[in-house]
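Multiple structures are listed underneath, in structure tokens.
In the two assemblies presented below, subunit A is common to both, partnered first by subunit B and then by subunit C.
Our next item is the complex of A and B:
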């Protein structure tokens, strides 16, 4: 360990325990600060101020998170997970890893929104809703009880509904918001009923106590109730991660929402769904795989993973609208990450590897998918159309952004020279070594299919001739440009940096199974 | 004491009534009411089993759920209001600018 790491680690260990929640607190306070500024100096055109304040909040939270990750806060090497509020909150490697994803995506989206929101009213509300949603997600990452899981999930969802409907005079945005809300309200009710059934069987809502109860007495006599409860909880996560069978909202919400919000939801919100799913199932429901009668939720996730990969990728291949294509592709990626749950086995030696690979995939996906949606945001900002034909010849107007878009597309498809290849490779390899070769096979085949529709975008922007609708492009939105370029740089840098990311993720995931 | 199975049956019945409402009603306000029924079905379980297990966890969580349900309705009504302004209706099936 080099000396600087030792100093930062020592400095961190002198802080009181509650500071482990630092990133969450900073995010929440930033949201409140934005509302305060708006209430005290209600100026109509303070968009820049709000963007600076919220970006600063997100970047400070990201900085604290990365510092804790490096210093080893809550990780195996430094005394294990930190629990707060009677174990309802836990700060460990996994929580910090995911908080890093949420805060980086939020920072990128804020920088990009600055241009997108020009000329819109209520920009303070937009940024504060974004900060509150990020706070909810960061809280999801540290939830260690079904109470905090449900409350934080709602804390992340409620601002998201409002964000999707932010363009309140745009019919598409309102319709998207309505559909997102209806399916969200329904699935959170299903999720809550599942929680109440688990409480009925175990008499506790803390993940560790539920796990102990299941391992101790099994589900004697209540197997049916417990099984339905687990399935309903899985349904709630399927909604949050936009997986089959609760994926219907995703294409609508992503297509109708302002594009920066689509970027935020499809990257950060999906990762947030996965972090709670990982923690709840790995921590609380693991014993259910081995008790008699066993409740084989891993099999349920395997079926969902296959369906999600197939549905997402095939539906994406048939789209004419680029944003909708990306929405379906993000459903397909949820299927890949679901392998991280599907390939778990009771006491399996590869559990940490599989889940770690899924986490690393979500990290890289966070950058490449956000970048791709922000490119769409820039095209929307220019007022060019939405279909593949409208994108023809964009590289003549914006070569740099189009290089970045090509990087995102090839990385999402998993071509060998980009970060997306390594994360998919690690994921499929770990699934094979855990004995789930058929999951890896479906993943590989659907990835090959995805290359078709991703390369259609690249072909349109780089090879096809412009068909005359690009004259509307006048300005160069600096913020959007910067965010897209930064996301591309991160996607490329995660190529040499992937071993570090994977190692951190696997260590964090293994700690859950210890 | 009433056996716990009865509570499970009651809550399952309330949940199913809510689900039926969600699936059949087109009016967005009815939808909200049906979701409330589903949430309260979960509350019945939480409170009944709080008594059964002799701890306060379930009752406390039920209070949290009531607060969250209120927040959800608040944002839901807001969305339904802009829906009405844009489409002139509160029917969930009329807003179809995008295909499924």
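Our next item is the complex of A and C:
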């Protein structure tokens, strides 16, 4: 008997194989449970109950994910990836790593939303939409076929549109939702067209089979069609990750949406876009780099990465509105993560390192960016204005949260004292060793620029004197406070914990290239 | 070469209607009248403009619920056709279970929408007033 089969059987004998999808199932059931509770008692607006149920769901899903990650489910050490449903679903290290990001961001956002939604009519809808969007994202992480990729992408997008427009009496929120929806619908169509072209060329939708077809040279004669298909699929991912040239929706949507939703979209939704992009390109389109040099998608991503870093950071530097500044900064960070795709080469020895570093950056970014947007949520909750001047002297009213905000800002900028530094360092270092020093150079220069606008926030909240803007502050929202502090603690703890995160990410990424 | 036929078809397809309209514009007498330029509403006299037309948002809710279950029927139909064969092959649990789960998820959504008033028609105060006025007269 084949020895690998024995180990697989022995190690996976404790649980049936479908339990590998446990996190997705828990998230989906939590969403349904919220709807059931609201259907039984529709008149009772139990904001606290819903928050507890959904936070519990997200944390249980996170717990299962971390357990699987530690136990080695679906990873190289324990018999490799687990495929389900005729290979349409694959659970491996990368899927679990990203599911951990989604569920932790979701948990933070839920805890923060409890205060934000106080006195709001339809809080059950908010939490259930959030859970369904997270379910969609977790499903994106495990998709192994272009159909599951598309369906899960829509599953994550549709609740997001509704969440952005959740404040339906607020014109900004509704406008943001409409813009997000229209651009989303357009890019879904482009993405779907791309899928159809790839199917036309390869005759399969499974990523592994597409890869095999391309490696066999099955694309010969159809390189044009395949190239357009790859380009269209890349466009769909550029939309989901808010990268240039499909980034226009992001500042509008993040600014108009309720701030916890902006936190969710800019962290979890962006990471979700990256996980499918990583999987589709690293698994299905990798042979194209080798066999068909004409379809050099890595070069396309390199151009996009440079443009995204430059546009995001320069636009952020000119903003007066803090939330909008953060929106553009999140576009800039999408540019950094794109290096994970741009610095790939055919059979390159550093592919796993580059992509792993991008994954680790997305993990740390998940905490620091969520925290920063939740701080904005707290300021919105108080009713203090939106510009840098309005933030003047906030530290006198909320010193602890302002310490946390300073941590987020410096970490996002990549100062060498917080987690953000190491993730950027690992990313740029791996890009250099893969031979893409110019990507790293653009990244380093734009990071230096980003320090300017991030430190403006810190200067406003810590150094400037309040100008009567803080009189409206009355209460201390406990949930928001707790979520912000927790995100800050995670950002700081990821400084000593970074090697572990990077190692896990690199192992997971390398498994894709094996 | 085979594309020439398609191009010719396109030219003819666009040319014939344009030619017919041009010919009739040259030949027909022009007698403008109000009745001719008014929108045809099956004999009803049209009121208002086409752009200020508003309809109740609740139609949208009903339509949405309808579409969900309409699509569901499309899925259930082929499943029902092969159901008895499928039971013989994979057993009743694997043939019936997934469909029950699917319908169950949809049912939770429907019950939720129902309980939260998605299908209860809001009363329009203006319509009610008009109705009573007509009743009094």
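Following the convention adopted for this analysis, the second predicted complex is superposed on the first by the 495 of 514 C-alpha atoms of A that agree within 3 Å, B and C clash if a C-alpha of one lies under 4 Å from a C-alpha of the other, contacts with A are read in each partner's own complex, and residues count from 1 in each chain.
FYI, contacts are C-beta pairs under 8 Å (C-beta built on N, C-alpha and C of every residue); 3 or more make two chains touch, one makes a residue touch a chain.
Bear in mind that the values here come from a model prediction, so they are computed numbers and not experimental data.
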Could you tell me if A:506 is touching subunit B, subunit C, both of them or neither one (first, second, both, neither)?
-> neither
Who does A:115 touch here: subunit B (first), subunit C (second), both, or neither?
-> neither
Have a look at where A:36 lands relative to subunit B and subunit C in the superposition and call it first, second, both or neither.
-> second
For A:353, decide between first (touching subunit B), second (touching subunit C), both and neither.
-> neither
Using the touch criterion from the header, give the chain among subunit B and subunit C with more contacted residues in subunit A.
-> B
In the complex, go through subunit A and note every residue touching subunit B.
-> 147, 150-151, 154, 158, 161-162, 165, 168-169, 171-172, 174-179, 181-182, 185-186, 188-190, 192-193, 195-197, 199-200, 203-205, 225, 248, 251-252, 255-256
For subunit B, which residues count as touching subunit A in their complex?
-> 4, 8, 11, 15, 18, 22, 28, 31-32, 35, 38-39, 41-43, 45-46, 48-49, 52-53, 55, 57-58, 60-61, 64-65, 68, 71-72, 75-76, 78-80, 82-83, 85-87, 92, 95-98, 100
Interfacial residue positions of subunit A with respect to subunit C in the complex = 32, 35-36, 38-40, 42
Would you mind writing out the residues of subunit C in touch with subunit A in their complex?
-> 105, 108-109, 111-112, 114-117
